[in-house]
Each structure stands twice: as structure tokens, then as C-alpha cells.
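Structures are listed in the sections that come next.
Next, two complexes with chain A in common: one pairs it with chain B, the other with chain C.
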Partner chain A sequence: MTAETVGATPRRKRKWPLLLAFLAPALVVYVVFVLYPIAQGIRYSLFDWNGLEPLTEFVGLENFGQAFGDKVFRGALGHNAIIVTLTLLLQLPVALFLAVLLDRDLRGRALMRLLFFAPYVLSEVVTAVVWRQIFRPDGLLDAGLSAATGTQVQGLWIADPSIVLYSVFFVVSWKYFGFHMILMLAGLQQIPDELEEAAAIDGANWWQTFRHITLPLLGPTVRVSVFLAIIGSLQLFDLVWVMTGGGPVDASNTMATYLIDWGFRRSQFGYASAVSVIIFGLSLVVALGYQRWVLSRDVDGALTVGGA
Partner chain B sequence: MRSRRSRLMLLLTVLAMVLAACGGDGGDATDSTDTTAGESEVTTTTADSGTDTTEGEPEAEPVTIEWWHIQNNDPGLSLWQAVADEFMEMNPNVTVNITVQENEAFKAALQTNLQAGDVPDLFQSWGGGGLREQVDAGLVQDITEPVSSWEDELQPAARSMMEIDGALYGAPFDLGIVGVWYNRTLFEEAGIDAPPATWEELLEDVQTLKDAGITPISLAAGDKWPAMFWYAELALRLGGAEVMQAAGVDQNFDDPAFLQAGEEIERLIALEPFQPGFLATPWDGPDGAAAVLANGDAAMLLMGHWAPGTIQANGPDLAASGELGWFPFPALEGGAGDPTDAFGGGNGFAVGRDAPPEAIAFLEYISSVEVASRVGSEANLLPTTVGSEDSITDPNLVEVIEGRGEASYVQLYLDQAYPPEVGAAVNDSIVTVFAGTGGPQDVVDAVNASWE
Partner chain C sequence: MVDLALGRREGREPTRAYRGHSPISRGLLYLAAFTVLGAIIIPVAYAVLGGFRDTPQLAADPAGLPDPWVFTNYLDVLGSGSFWQQVWNSTLIAGVTVALVLPAASLAAFVIARFEFRGREWIYTLFTLGLLFPVAVAILPLYVVVRQLDLINTPLGVVLPQVAFQLPLSIVILRPFFASIPRELEEAAILDGAGSLRFYWSVLLPLSRPVLSTIAVLAVVTSWNAFLLPLVVLTDSGGWTLPIGVTNYSTQYTTDTARVLAYTTLAMIPALLFYAVAERQIVRGLIAKGIKG
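Let's turn to the complex of A and B:
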């Protein structure tokens, strides 16, 4: 290390132009398509702007105050929180359960994996259109339930404001559990069989093996899975927009559907930009915080292993 | 290590700033490519139609009319092309450049052009809040004077759509009014002989239909604006033309008529007259309100003159089988509104600020009885020139056009009459009444707040 540092100084200087030349294309793309739009979004968020006129009405942070003062936006924020919570409490455990199940020698295992993973391959818009038809009054779900119970069942799955959010959550889970399942399956296959065999020889039962061997060793995979699930839930848009449009009466609005509604239906681009900045800030804080405090363990572990 | 990193950061920052500046240029470049793309489209249309012009004797100064319309499908598309060709044949010095776009694309492109001050000579307009914004920005031409010789040929209610503060800025070519489409068979089954003439009768009929086991009303509250139709019709019957006009000018819903309209809506909702899940029902599509009526799952539908087309597209063609009937929104006892006043909307062409006099002559030709009759018979629209009404033959549309003719005032759709933010507030707050999560006062408060 030291020897290299001593000799490196002149060589490093010579490397700079070459380094720049290689970096430039990526930097240009990053700056033009990521940093510049973010800067513009922040700029617009400080104006009362309808998207047509020149930017003249500077309102400072008023748009942000208006957003947090609007009960519809607070509702949308709450809906995102509910989706995040339910995803972590229901969707991921189910995915883990199925992954453990499919990690065993089951007949038709490959087919099951394929079936569970299939929804993830569909686009969100297609998923939403299909489920819209399933959920509609007297649709497939109602017909199925009626046939199964022998009585006329009519559930307002997406028409009842108190139910719609859970229907949305169900479809989100239906679409994404397969993805998390595959992630965890890959994680499970990294765990050496010897460890489980050793545990079995020591007299550990299935639960003890799972709790003390499998789960800890699956930790890094679960943490990545949780991270992806949180960010995905915070930015949930396509599926909700096509399936319910955020309705009825804002009962399934997410922050992103609220943003589109104010930008493109009401032409309040300044205010909508403020909402987008809030979503961006929130996602950034969650992402950085999670990486700093949760994912760092995995990095530390990796480094320790590398050092040894 | 530290100094290396900070130097890299410095470099990144400088790069970021330089590129941010380039980014601005990049944006402009995109705009200009857009324009060239638009122009090339225009040139092709000219090449098609321009061949006649070059052969004509160049007696007068050559004039070009830029015409933007949204009839991007036949029969409307070919009709407008034919009309332009005819006008160019009659006036060899005139070239009509047609730019035809789909509805949403047109709105976006027009906004860009208006912002740049490059206003088309004639362009699609729906009147209302949008036209007012263009008038305020000085982008459209006051044509009251040149049109005075033929303005009487335009149906008054339709003409008022293109008027802002008494001055005319264009001419309408289509205007329909909202009314109740109903299933005659289901009405007969429930024992209802004649369509209701008053609001109370309508409420009674709703109860009669329910008692007969028929869903009385199909409502697309998922799309929000169909719910607004009920509220707007009631407010118009309760307050009348003056109150409706004053609301737009004073920018508030403070008149008691708007509160009462909400209360009447609550009376209707209390009867539970709508199909299951109406809060999520869209207008179009297999699960839409049009399909509900088409399949005989509900008896009534409050909708504009495009309803028969959508019904036919989503289920059995009730119009062809004669089952589909139409009646105007009933009168309301004690309301200040004239029962013939109507609620609706349509299409027109606004005249751009730099349009040549020939553009107005062309508008006169479009508005002539001869062309307007073809608009009615060929393009399935409801033409607005006096004397062209006979071109409509569908019995239901004949009733619609008669109802329109009797109307001394046509209130434009509330979400189009007002600025977009207010229109959205109107629709959203009315849906909360239908959902039972808001009341009449909430509508007034929400609309007033959006206007501030």
C-alpha cells in the first residue's frame, strides 16, 4: 500500500485526462438526465406555476406547507405507510415461507417456481386491467365466490372506499411475492447443507434449525428484499393509477397518484413539483438511512471475510 | 486520499454546472425539432391540396390559413379535408394548411405554440375557461365586427359558447345538451308510461323502478364528471342562467342554489338508485356505465349526445332496436331556472390573433347551412347553424337537437367552463357527496377554496 502511494503521485496526474475521457459519457448522461431534472423539480416547487406562464410567482416553501396541510395528501402518505407495513408483515413472510418450501425436494418444484414467479413478469398496467375485471361487481371474483358458497355474493372490492386499499395491497403482493421468493430461494441455496446436517446431528428440530441457522444466514438476502419492498411501496403508481385512479374518493391515492392528479389534471405544476420533491426526499432518506444502518452490516461482514 | 477525493468532487461540480447550462440548450433543441416535425406534417398536407392552387391564376395575394382540428378519424377527417379543398377551389389565392391531431396531442401542441406566440389561424376550441385564458393572453381575435353580417345564422346558445364578455372569438360547429337516456322496455316493465316531467316525478319513478327490482340509474362516478352532470343540472334548475353565469364571474359557489343542488343530490342518493359499485364505475369500457345501460342492467343514464355511440360500442345497440329513449332533464318546482335551459357543450373554431380576413371567410363557409348539414349527416355531430337541424335523422338525436333549440341558455360543462384546478375541485367534491363522505356544504367550500 505505502510503496504504491509513494510512486503513484506523478502517475496519477498523467492518468487524469484519460480518466476524464472515460468518465465523461456516463457523467454527461447522469447530469443531464438525473441531476438537472432534480434541480429543475426543486426550482419549480418554489413557484406557483400552471406550466404555461413564465416562472414569476415565487412562493417559497408555501407549496410544501399546502401539501402537508392537505388531508388528501396526508391520506396518500398514510396509504403508502399502510402498504409498506403490510408488505413487510405479510408479503415478505409469505415469500419466505414459499421459498423455504420450494427449497426442498418437492415433486413439480420447477413448475411451482415458474407459476409463482409468473405474475412478476406481467407489466403493472396489464396486471391492473386484469384485476380490475376480476374485482368488478359480478366479475370473476364475485362469480367464483357465489359458485363456491351457493349464495349471491357481491363484494365492492374496488368500489368501497374502506376496502379498496386492501384490494390494491393484495394485487401488489400477488405481483411481487414471486420476485421476493426467487431472491430468497437464491439466498437459501447459498447456505451449505453441512450446517443443517450438523444441526440435525446436534438434535435440533426443524424450527430450531430454521431460527438459528437458516434465518441468520439468509439475513443479507432478507435485508435487500426488505429494502426493495420499501422503496417499491413508497413509489407505487402504475398499478393503482390504472386499477382505481386513486379512488373512490381518494381512498387508494398514493403519493405518486396524488402528484399526477395535481400536475396533469389540475395544471398545478409548481405544487406537483413540491409533492415530487417530498417523495424524492422521503425515498432518499429511507434509502440512505437503510443502507447506513441496516445494510452496512452486510458490507462489514463481507469486508471481514475478505480480510480473513 | 482526501485531497484526491475533494478534487474529484470539485471537478464533478464544475462539470455539473457546465452540463446544466448545456441541458438548457438541449431543451430548446428538442423544442425546435418538435416544431420542424410539425411543419413537415403541415407541408405534406399542403403538397396534397396545394396542387390545385398552383394551377389557379394568381390574381390576388396568396394567403395561407393554418387550420388545427381534432377530427382525426373518419368521417370527420375526410369531411374537413373536403371542406378545405372546396374553399381553396373557390378562392385560388388561399391555401388551407390542415394540422390534424388527436385530442390530447392537440392540447399539448397548442399549448407549446401559444406559449411561443405562434397561434394557428383557426383552431379547435371548447369555449369556457380555456378560451377565456387565451382571450386574457391576447392570443385570439375579436371577430364580433366581421361576423356581424352572418352571426344570426349561428344558433344563439352555441354562439354564446365562443363569446367572452359579449365579444365573439370564433364559431361553433357542434353543440349537444345533456339529458336522460333511458331503456323503454325497463320503463314499461315497471309500469311507467311517460318520462318524468318534473324532478319529483323522476324521484318517484326511481322508487317505482326499484320496487320492480330494476336498478334505476347507471352512474359512472369513477370518472367523476358524470356525477358532476347531476349536480350541474340541479344547480341550473334551482338557480337559473343568471346564477350560473354569476358563479363563473364572481368565482364562488356562494349562491344558495349550489347548496340546495347538493341537498337534492342527497335526496336522490338516499333512494340508493345506482348500480352496485358505481363509485368505481368508469364511463366507457366493458365494466362502464354505458355497458350497464346497454345490457339492460339499469334504466336511466344522464349523459351527453355521444351516449348512443358509446352504448353501441359496449353492448347491444339499444338505439337500433328502438329501446333507447331520451328526455331532457326534468323541471324543478320552485326553482328559478327556466326548464328549457340546458347543460352541455360542444366544439368550435377559435380565430387566432394574426389570422387573415380569409380565415374568417373560411369560417363563414364552415358555418354555412350547406357544410353544417354535412357535419350533421356525415360526421355524427350536432351542427349549430340555423337551418341545418334537418340533417339529423336519428329520432333521439332529433329530440336532443330540439331541446337545444328551445334552450335560451346552455350552461357549459362545469369542469370545462372553469379553470382546470376549479373544474377538478368541482368534480372531486361532488363525488364525495355521492360516496357519503362529504356534504353539500363541503362542495361549496372546496370549490370556493380552489378559486382563491
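Let's turn to the complex of A and C:
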């Protein structure tokens, strides 16, 4: 990491204008469109503001109180929590299983890798529109299930408030498991074959080898995957917005859809900003905490500077 | 970088640890793989084939094949000016985004990777902080900034924020790569009378082509799929990008499933083609994101 300039100390002073000139384009754009908006968002969150008038009605932390007092927001927060939990319990294990599968001498695995990962490249919008058609009453899913079970199935996959969130989770997994699979596959391929061979020679069966050799060595990759999945689930938006709009009756709202609904549909910029501060506060806490307690063991220093 | 790891065992003998598998468990593994494969392919095939049917056909048997084949859905979309306008808008915005991300990120990463100066790590941390904030979380104040700069309904109003939000990942990927280029090369360049800019341009960039293509590809994919930012910035239908066009079309023809599927299929083809061509860069970039993210 430390490739100092070749020019020794006397020349370094003259480097400053050059350094600044090189850094300037990135810094300016970054400050104007990332840091300044984030700071402004924190400021807006303290006001009652419709986004247009001058910012005058200071309300302190009232917006935050209102958010946590709103059943719909608490519901959205709960939905994010459910998606995070299901992702960790179902999506990532499936991704790991498939990665292990593709790490082996399976015929056609190059093609499978290509196809498993393909949904990741599709936009969430396209994904949502296609699945919305599939979920229609008497749509493809109903027809498939009817044919498979021999009975007439009609599920209200995205119209029933008690089911919709699980349908959303399924589609999220459909789109993202390939990403985690690719990460884990890369991790698996850095584990030397010799270790697994040695275990086999010692008489370990496949499961013992996996449990005691592969999985521990894959630990760092799995932890990164878990981290990205949590952050991603906390910020879930496009897919839900297009597929269900957060409905029916708020049953699939996430914090982000709630935020956009209040910000752009109801023009409550101050209140919605408070919601966005909550989301990035949560993300920051998760990120720092995770890094401090979980990731730091693996990389020891390599990530500490890395922030995220 | 990492891609050498992918497919490392391709074509090798199966490792000893795995050899003892019974035909039954092998069969189960294939079954699992094919189930997932079906779950991936069927929705896409449904969209593609559905576009060749009409809505009564789809209603009568959602799982059937086109009978007869209907071409009007696709032809209507391909014949409509707004579809091509959206393709052009998406292309323009993705192109300009990449054209700005590459120089901005590489210059900044060059300074951070190869110069010692006070505040260096601080600046780097500042950039990496951005990895935590997707556009959605900052969208309200971002919208206000774009409005203040009078960029609403302009491509730049989407491009500039996208560039800003793409910088963190790009710099995080570039820095270690730039830092790993041997100092001897830089010394040799200086001896030949090259300045820093010359070294950056004639030595560093050409050597970094693979990693530059990775960040370019990631920027294209992100821009192409972006939804929320163009949704709030581009309110005028002439400026819409494809994702906005798709959502709008699907609400406009909400009862005409076949048309919606045709439009959606045509909208996903560019992304899939791009994936077919640039799969390696995408995968490499995401693995880097995983490792450093």
C-alpha cells in the first residue's frame, strides 16, 4: 500500500497543487452529490417541511418520535427484519449449497454458473414486472401448481397481506442468490485441495470434511456475504415498489418504500428525511458493529481503513 | 486479480475427497441443480414466449406455448418511438456516467495509492463511507440539490449523482491495484523525464486496463438498471430511461399481459447481451466488492 512518491522531501511541497488537481473532480462531485445531501438530510429531519417553502418550522426530534409511533413504520421496520432473517436462514444456505455443488466436478457447471448468476444482471424493475405477471390469479404459478398437485390452486401471492411478504422474499432471493453463490464460489476456490484430500485420507466422510475443513475456512467469505445481505435487505426498494407498491394494506412496505411514499407522494420532506436518517443510522450501526465484532477477526487491519 | 481463482479446477481430476460419491447422491445433486435452473429459466422463458402470444392465450393456459405465434406485440413495441427513445436515453446516461467515473475515480485512486500526504487515509475513509449509502437513502436531499442546480429533466441530473455514488466502489477497487504497480516502473518513467501526469497516462492506465474495464462494466450495469433516481429526476416522458418506461408501460397496459411481457423482454435483452459479453468483468468486480465491500 505504501508506494511513496519517488520525489524526495524537497519536491513534495510542490506536489500539493498537483495532488489537489487530481483529487478535485472526484472530491467535488462526491461532496456535492453524496456528503452534502446526507448532511442536508439530517438537517431536514429536524423540520416540518414540504420540500418547497423555506425551511422554518423547526420541530426538533418530533419527526423521529412520530415515525416510531406510527404503526405502519414499525410494520415496515418489521418487514425489513423478516426479510433479513429469511435471507440469512434460507437464501444464503441455498447459495452456499449451490456454490459447493458448482465447486465440484459437475457436468455443465460453467453454464450453470452463468445462468444462476444471470438474474443479478436484470434490473429489479424488470424482475418485479415479470414476477407480478407470474403471481397473477390463474397465472403461471397457479397453473404450474395446479398441474403438479392435480387440484385447482389459486393463491393470492401478492394480493393476500399475509402472504405477500414471503412472495417478495422469494423474488429477492431469486434475483440475489447468484451473487452470494459467486462470492462463496470464489472463497471455496481459494481453499487448497490438499486440505480436503488430507481429511479424506484420514477417513473423514464428505460431511465431516465440509463441516470441519471447508466451512471454517470459508468463514471470512460467509461473513462478508452475511454483511452484504443485511445491508442490502435494510435498503430494499425498487423491487417492492414496482411489484407491490408496499401493499396490499401496507403488508409489504419496507422502510425505503415508506420513505418514498411520504417524501414524494405526500410531500412530507422533513418527516421522510427523518425516516432516511433512521435507515442510514441503522446501516451505519450494523456496519460498524459488524466490522468491529465480526469482520475484524478475519482481516485484521485490511478492512479497518476500509470503512464499509 | 481474483478471477484466476474462478474455474481453477476446471477440467481437473475430481478431487479425492469427492470421489466416493454414490450414484444416488450424485443423482440428487443433479436434481437440486436442475430444480434451481428451472426456477431461473422458466420466468425468463415465460416472459419471452408470452410476448409471442396474446392475452386470451395467456389467460387460457399460462404455461402453454404460442399457438398461433403472435408477432404484433413485439412489432408494436419495436415500431414505437418511445421505446427507442428510452433505449437511447438509457444508453446516453450509462455512457456519460462511465465516461466521467473512469477519469474521476482513477485520478483520485492514483493520488491515494501512490502519494504520501497528510490526510490521505482520511480522504480514503471518506470515500469508502459512501459504500454504505445507496441512492435511495439520500434521495430527498439529492433531489433538492439536483433541483437547485436546475438539472431536473436533464440527463446530467441523473449522471452526476450516479457518478458520485459510483466513486466509492471504483476507488476501493482501484487503489490496491494501482498501489501494486512496481515502483521501479515509476522511477524509470521519472528518469525518462516523465512527470506524474505522464506516468499516470502512459504507464499506469495502460497497465490497469483489466481493472478499469471492471469498474466501467459495474458502472454501466448500475446505471442501466437504476430506477429511483431517474424516476424522480426525469419527470418528462421524453427523457425516461428503460426501467421507468417498463413500469409505466406495465401500469398503462395492466390488463394486457402479453404486451407487457413483450416490452419487458425487449428491455431485458440489452442487459442480458451485455452480461454475455462482460460476464468476467462483472463477476470479478463483484468479488472485489465482496472482499473489500
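Just so we're on the same page, the second predicted complex is superposed on the first by the 275 of 308 C-alpha atoms of A that agree within 3 Å, B and C clash if a C-alpha of one lies under 4 Å from a C-alpha of the other, contacts with A are read in each partner's own complex, and residues count from 1 in each chain.
As a working rule, a residue touches a chain if its C-beta (ideal position, glycine included) is under 8 Å from a C-beta of that chain, and two chains touch if they have at least 3 such contacts.
Everything quoted here is computed from the prediction, not taken from an experiment.
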Partner chain(s) touched by A:276 [first = chain B, second = chain C, both, neither]: second
Partner chain(s) touched by A:34 [first = chain B, second = chain C, both, neither]: second
Which of chain B and chain C A:148 touches, first, second, both or neither: neither
Partner chain in contact with A:101 - chain B first, chain C second, else both or neither: second
Touch count on chain A, higher of chain B and chain C: C
Partner chain in contact with A:89 - chain B first, chain C second, else both or neither: neither
First (chain B), second (chain C), both or neither touched by A:110: second
Partner chain in contact with A:259 - chain B first, chain C second, else both or neither: second
Set of chain A residues, in rising order, touched by both chain B and chain C: 12, 27, 32, 35-36, 51, 132-133, 136, 138-139
Interfacial residue positions of chain C with respect to chain A in the complex: 2, 5-10, 14-18, 20-21, 29-30, 32-33, 36-37, 39-44, 46-47, 50, 59, 61-63, 100, 103-105, 107-108, 110-111, 113-117, 121, 123-134, 136-142, 144-145, 160-161, 163-165, 167-168, 171-172, 176, 179, 181, 183, 186-187, 190, 196-197, 200, 221, 224-225, 227-228, 232, 242-243, 246-247, 250, 257, 260-261, 264, 267-268, 271-272, 274-275, 279, 282-283, 286-287, 289-293
Complex contacts: residues of chain B adjacent to chain A: 4, 11-12, 15-16, 19-20, 22-23, 26, 111, 114-115, 221-222, 224, 275-281, 286-287, 419-421, 424, 428, 431-432, 435, 437-438
Residue ranges of chain A touching chain C (in the complex, touch as defined): 1-7, 12, 15-16, 18-19, 22-23, 25-27, 29-30, 32-38, 40-41, 44, 51, 94, 97-98, 101, 103-106, 110, 112, 114-119, 121-126, 129-134, 136, 138-140, 142-144, 147, 174, 179, 182-183, 185-186, 189-190, 193, 196-197, 199-201, 206, 209, 221, 224-225, 227-228, 231, 235, 237-238, 241-242, 256, 259-260, 263-264, 269, 272-273, 276, 279-280, 283-284, 287, 303, 305-308
For the chain A and chain B complex, residues of the former touching the latter: 12, 20, 27-28, 31-32, 35-36, 39, 51-52, 132-133, 136-139, 154, 156, 158-161, 164, 244-245, 247-250, 261, 265-268
